[in-house]
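Presented sequentially are two complexes of subunit A, the first with subunit B as partner and the second with subunit C.
Moving on, here comes the complex of A and B:
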């Protein structure tokens, strides 16, 4: 069901999504908290009566917001995140707080304190993460729109695994105010839809300057959904060859190369771009250092003193230590250790500051490449959604892992708009393709995505028989 | 043995903005606990900082007043440490790029001037206030996020008196330009002092001891004098000084050990990602500085050199910002600075202290004072009458209406007064002959009679001149 179909249902749309979600959740485990119908604020809004699911790191006034972490198990915000406010003002109705990796730190959704989220195409497989709950709620046809957040590829990767569209606009395009952070300089509000038109429409609602977020942009918000017309001969795609070269899954590679061939056949220009392979291999470690360093500070407010779960202790210090010791999983603590380590005075030059330098090099290199083409294009993942039980076995030092599974973070480094959409099926499982454009050129990104969607014919894919 | 004391001072000053450094929550010192906070101050998840433009403006003014070079790129950093009075678990501060560097202020001790260099001024946010009770801790988050500037001096002071003068001068400047209330007793100005002693002939500095909890300028001097005694005694005995943090103890008027300094804490500073560097335009900075309130030293010079006030009078005005402002407002409306100053510092202060009022509590306006000054200047009322009018003006009366109503008018009409003088002389031949015989007192008597005849309204100077002239003719 897309946004228009949902709007057509009027007031019944909420009940429809809510009941479907309750029925499916047993198998998908996608929802942390169900939200009751609060009514439609704007019957004329772009999203009038449209039910929306939001990742559980969006602050929702009076509704539990846990970020799937035990330390926030009882936390009820006293304010709405700006993105939530905008959804409501456009008439949308929030029906669910969706599962995620604990504090958005992960790519599998396996670290959620409520357990793994299941892929509707194969319940034994992961949804991808960290915005897994939101992804599967769109993929299973429960809702036409779900909010997520994308720090590395946390929307664009699960979108690929679940056969839907995942959009991460430019840094500063959507206010981050009220979104429980992971890494402030990399965090983006992002979202899932069934098709490119809905993605463009949703951005009209969500985008815009917010005085509560100093990094939000004054760039005017355009009517993206009305600017999707394209002419193949005027589109140019830059294939990131390094990703294809590092990929071992021949079926995914073939699916992608056929897509590129089809685009060329329609008259689009295709250019092959080869980045410095070492730079691409450095993406993941660079990301890991910056993201965890920022995260270690960002989550220092979770101490049990003012909100969240407070453990007992004989002094304030002890209360804080006990609350943090009990409140985070060992996985999170490991990341805090890594983050702190890279910030220590004796390590900072060698790790954190070096990572910032590499980040600058990456930005320069990708921005440069976008001078010649409209968008950069590559498969969103070198694999189909992994099995839940196999997930931990990946070798993290191969080129395939470092490049194919982590390259999309360049768009977070440089704040570029980036979108994943389905490009086909491999072994009955969806595989996705990713496009990235120049900063604040969402119009071009959506146009190219629309052209691609028209070539594949893959949109509004729904998997309900699981 | 003789020791050289070396003193450096770090001052935290609250900027008196309406809202906090990074949030829109209001701040007032005396509000009920936890009523001046919002979700940003409490560091609720997902909240983001927003730089208070007024705080930046005041920080720029502080830098300009203390001759610092202003960095046109405003950047903030995170200082990471866990403490229950620090909601975010980090403080947003300016570690790498302070707003100002390399300035100075000049202190004067018995006419001798000395420059104290200032290393840096940076902006940051205050912490919450904790109250440790018997078995619980209460936290008031009103203060959390209040804008601060930290002013770091170079170790240029060598006596307790210099330290006290430095702090006093800073306090005066900051209150004058309206950047801070700078009240040590309320904590809107807090001093940490680093002090070390070294043998007078040694080139190396001694071990640094930090003193906290100094809530008055007198205490700064007392604490430093005590530290000199304490440390020099230890050195005399051949003992070593440890790098301690001590606090001033009000009761015993001494410093007591708080903690030994063990290896410095690693605050893991890094740039605040939620605030992009803000580039200030040169014109913006210039405009702020151009519109700044006058610095006290400039004011003093103006009072003495341009207005011709005595050093004593000028300093008296300057000692109280309210008084100086009142004076400046008055002088916009009249010309006689000496007269206005005299009325303000002697008569008005006297009248007010009888009433137990302060200048701003009273109903006296600069406009009213200016009117009275002009009336006296123009000879419309005598200075004796002026006192009566001032007293009424303090109660809110309009000076000219009051003077008219009470018949407090000075007659400066020469013809009319001459008539009275001639009458008096004709009535007092004895006094005239007394005067001619060298009894000067007779002259005063005659003038008194003229005043009496005029019902006190004759211009005394005029009356006196005319009596003299007429006597000479007889």
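Moving on, here comes the complex of A and C:
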């Protein structure tokens, strides 16, 4: 169901989504908290009566917001995040807080404290993360729009695994006020829809300057959904060849190359771009250092003193240590230790500063390449959604892991708008393609995405028979 | 990277690592260090660190008027222990 179809249901849309969500959640495990109907604030709004799910790291006034972490299991914000406020002002109704990797620090949704979220295309497989619950609720047709957040590829990767559209606009385009942070220099508000038109429409609602977020941009917000017309002969796509070369899954590679061939046949220009492979292999460690260092600082306020779950202790220090020891999973503690390790005085220049320098080179390289093409394009992942019980852990030192599974983080480094949409099916599972455009040029990103959607014919895919 | 060193980083972050967690982390650090070595293959001579994606002026001066206030009740709404309008913690000054 797309946004317009949902609007057509009027007041019945909420009940429809809510009941479907309750029924499906037994199998999908996508929802942390169900939210009761608060009514529609604006019957004339762009999202009048549209039910929306939001990742559980968006502050929702009076509604539990846990970020799927035990340390926040009892936390009820006393205010709405700006993105939530904007949704409500446009007439949308929040019906669910969706599952996520703990504190958004993961790419599988396996680290949620409520357990794994299941992919509707195969319940034995992951949804992807960290915004997995939101992705699954759109993919299963429960809702036409769900909010997530994207620090590395946390919306664009699950979108690929679940056969839907995942949009991460430019850094600063959507206010992050009220979103529990992960890594402040990389965090973006992002979202899932069933098609490109809805993605463009949602940005009209969500984007805009917010004085409450010091990184919020003053760039004007356009009517993106009315600017989707394109002419193939005026579109240019830059294929990131390194991703294709590092990929071992021939079926995904063939699906992508056919798509490129089809685009060329329609008259679009295609340029093959080869980045410095060493620079691309450094993307993941650069991300890992910066993100974990920023996270360890951002989450120093989770100590059980003023909010969150408090463990007993005879002193302030004991309360903090006990609350944090019990409140964070082993996975999160590991990430924090990596952050602390790279920030320690003896390692700071060698690791943290070095990563920040590599980040600059990455951004310069990708921004330069975008001078010649409208968008950069590559498969969003080199694999279909992995199994939840994955016996074989992927070798994390191969080009396949370092490049194919992690390259999309360049758009977070450089703050570029980036979108994933379905490009086909491999072994009955969806696979996605990713596009990234110049900073604040969402118009071009959406146009190219619409052209691509028209070529594949894949939109509003729903998987309900699971 | 030995367990003692890992525990040092954990203590700096105000949490404890169990023996099991320390052993898992020791193993993970071998892969991590190999990944971090990949940074050294990139020449960053004379490159300035990058802190944010853009250099855009987004800060501003607002009128010096109270804005976005929380009531005392709201500020204490999530506190684990409250007494007479204050957060309650163990005695700090002995």
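Convention: the second predicted complex is superposed on the first by the 464 of 466 C-alpha atoms of A that agree within 3 Å, B and C clash if a C-alpha of one lies under 4 Å from a C-alpha of the other, contacts with A are read in each partner's own complex, and residues count from 1 in each chain.
Basically, a contact is a pair of C-beta atoms (placed from the backbone, for glycine too) under 8 Å apart; a residue touches a chain by one contact, two chains touch by 3 or more.
Predicted, not measured: the structure shown is a model, and the values here were computed from it.
In the superposition on chain A, A:214 makes contact with both subunit B and subunit C.
Judged by the touch definition given at the top, the superposed model places A:348 against subunit B, while subunit C stays out of reach.
Within the superposed three-chain model, A:439 lies in touch with subunit C and out of touch with subunit B [touch as defined at top]. Look at A:65: by the touch rule set out above, it reaches subunit B but stays clear of subunit C. When the two complexes are superposed, the chain touching more residues of subunit A, out of subunit B and subunit C, is C.
By the touch criterion defined above, A:301 reaches subunit B but does not reach subunit C.
Residue contacts after overlaying the shared chain place A:81 against subunit B, while subunit C stays out of touching range.
By the touch criterion defined above, A:176 lies against subunit B but remains apart from subunit C after alignment on the C-alpha atoms of chain A. Of the two partner chains placed by the overlay, only subunit C lies in contact with A:361; subunit B stays clear of it. When the two structures are aligned on the shared chain, A:185 is found in touch with subunit B and with subunit C.
Shared contact residues of subunit A with subunit B and subunit C: 75, 78-79, 185, 211-212, 214-215, 296, 300, 303, 305-307, 315-317, 319-320, 340, 344. Residue ranges of subunit C in contact with subunit A, taken from their complex: 6, 9-10, 12-18, 20-21, 24-25, 28, 31-32, 34-36, 38-42, 44, 47-54, 56, 58-60, 62, 68, 70, 74-75, 77-81, 87, 89-90, 92.
Those residues of subunit A that touch subunit C in the complex are listed here as 74-76, 78-79, 171-172, 185, 211-212, 214-218, 278-279, 281-282, 284-286, 288-289, 296, 300, 303-310, 313-321, 324-325, 328, 330, 333-334, 336-338, 340-341, 344, 351, 353-361, 363, 396-397, 402, 412-415, 439. By the touch rule above, subunit B contacts subunit A in their complex via residues 39, 42-51, 78, 80, 82, 84, 87-90, 130, 137, 139, 266, 268, 270, 273-276. Residue ranges on subunit A touching subunit B, taken from their complex, read 57-59, 65, 67, 72, 75, 77-79, 81, 176-181, 183-185, 211-215, 293-294, 296-297, 299-303, 305-307, 315-317, 319-320, 340, 343-345, 348, 352.
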